[in-house]
């Protein structure tokens, strides 16, 4: 095969690295108005907490998707044009995260901002699930002896986040603060080791 | 050979990752004027649609060029100083895409903005074609047994986009909206698998 | 093992490259007010010295942490989910350095800015130490024959910086300029070859 | 050796990719004042020519240094702590190029801006020469059978640029436009194949 997995990984890692780092550009150093009263600085810094919180949630969510992509690619043996383009679509949504994060941190209790942020995350998750589905259907791009339970388990695990985000958007019409809690909750579900890691453990020696 | 293909790929992947991600900096979170009327936010977000559309077109066009570069490098066996410099010229034009995209999204129906955007894309495409020509002439940098039809087919395929962009620029004097349609059309032509993928398929086992 | 060390390194190197380069965005070209008096430019450039100094200190401190991460990964043989997440937490703090540097360079003699900068560096250092501790405890992720003195030495060396930063924050309440001196001093301690390099030297042939 | 050449290359390629791409942030889309007269746009774009020219010169100069670094690393067999730190110092100067380029493009005929830009380039070149000197003295980090003429030739070639920049700074006191010409000239000298490529050619088969 001419298309190499290495370069797809390199572009993906680069886009994630830049997107994760651009998140910080939304946290601006407070500018004090003259007459300069330096004692205001602490208060102004504390006012930045929604920015810091959004930064951390988005960074960790990007981390979850990066680990998910990493996990998928570790099983993929060959890359073709459609798979590269599904990957590029995935990155297209990833790059929008600094925008939707800045929107959410600017208007944290606003239904429309919560919806835009959620739709962005749903687009990422669904595309990543589609990437896995395309790669594994008829085991075209993976080892032929991959266990069907692993294929199915990883798909469901990937679709878990978008499902919660759909609920978070629905909830935002009545309780926006609950939506934010759900956004912060999702990464926790993924960071905790799951049943998928057992399969991982079993396959450990084969790689 | 002292110059390594790996580092040329690493720099190229890095530049593409950053350029693709910088595109999002042009999409700014709307700032509402006080007195704050949060209901305006939806409308202000919808007003951003030319920014989102330009973002997506440029991201996908950069994706097309990245896949094209990826394709070329998969055949190139050695890298010399002139080839590295053609590659750097290619990247010089790639880095300008966030600027020409921002210009087009700010003035989408303006002939001069359409022209600048088109010239930027033509420069990328022609340089990438030159890169392939230089690498394959007398099969200096590729395998000696590469099929002449593949060499010629890839060259024509690479020159297809700049040709359409020349038409788009010409058309912009009378129908700017048609030019924008042509810009959005080009990536579709490239994402659809073409005859080149058949050659790819044939060579699959050799790599 | 499915998770690859290479991709963890690639993401880390990418984040460090972007964070190091974003530091320069805080150094703005002086804008002269009309009537334009170009002779003012030298003075205005000299006024930027706290920006340049902060830039250099932060760049070198990030360099120290990058070398430290590089050093750890050179001993780590396998990567699991918790280790990847400790690494992502490490990067989460690294990405904040452009912010805390901009804060410090804007308010260099202010106790709260010195504290925020110090806390950021402490978070990086403690997470990096935790990364090493998790990787080496019961030699789970490293070679079983790694010398206990190396494990312990590297841990203490990593914890040296956060310890100095705690002192720097304490000192900032009475002598902020001394805190800045301590921040500038720490990288010097790490750049000088230490006892750890002897172990390095000994192991040189094994890799 | 524990420190790997790969990661030094990855960080370097990443920093170059970001620095090259950040250069474009200095080229801002013209904002027309209302009443909007779109016919002014062409003129406003043409006014950007010093920005475009500075962008291109700096991009190509960074390309020259990247190729030079690439060339050196291709001979270096092992990396130790001092070499990593010389490399980080080299990157510290590279990251400043977007700043000094923005300064020069804002004040192109100003002696102080020409000097700052030149000093930045001299710092990069001298550090890169020091990197080569440190790596090759007593052939510590390179193959023992490297030809002394190659060692010396590469050193002189690397020092050529800083020498011209010293002249350019001196000249800027009387003829600033001549300094700019010298800045634009230097990359041309490096892009043209030199005697060093003969050695390259000779060694081609060994790698």
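Letters A, B, C and D mark the chains in the order given here, with residues in each chain numbered from 1 onward.
What we mean here is this: a contact is a pair of C-beta atoms (placed from the backbone, for glycine too) under 8 Å apart; a residue touches a chain by one contact, two chains touch by 3 or more.
Since the structure is predicted, the reported quantities are computational estimates derived from the model, not experimental observations.
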item: Same or different contact residues where subunit D meets its copy subunit B, judged by the half mark; value: different
item: Angle (degrees, nearest 5) of the CA superposition of subunit A onto subunit C; value: 90
item: Distance between the centres, which are taken as Cα means, of subunit B and subunit A, whole angstrom; value: 25
item: Centroid distance [mean C-alpha coordinates] between subunit D and subunit A, Å; value: 36
item: Touching two or more other chains - residue numbers and ranges from subunit C; value: 10, 13-14, 17-18, 22, 25
item: Residues of subunit D defined as touching subunit B within the complex; value: 9-10, 13-14, 16-18, 20-25, 27, 29, 38, 41-42, 45, 55-56, 59-60, 63, 66-67, 70-71, 73-75, 191, 193, 197, 200, 203-204, 207
item: Of subunit B, residues touching subunit D in the complex; value: 1-4, 7, 10-11, 13-15, 17-19, 22, 25, 81-82, 84-85, 88, 91-92, 95-96, 98-99, 102-103, 106-107, 110, 112-113, 116
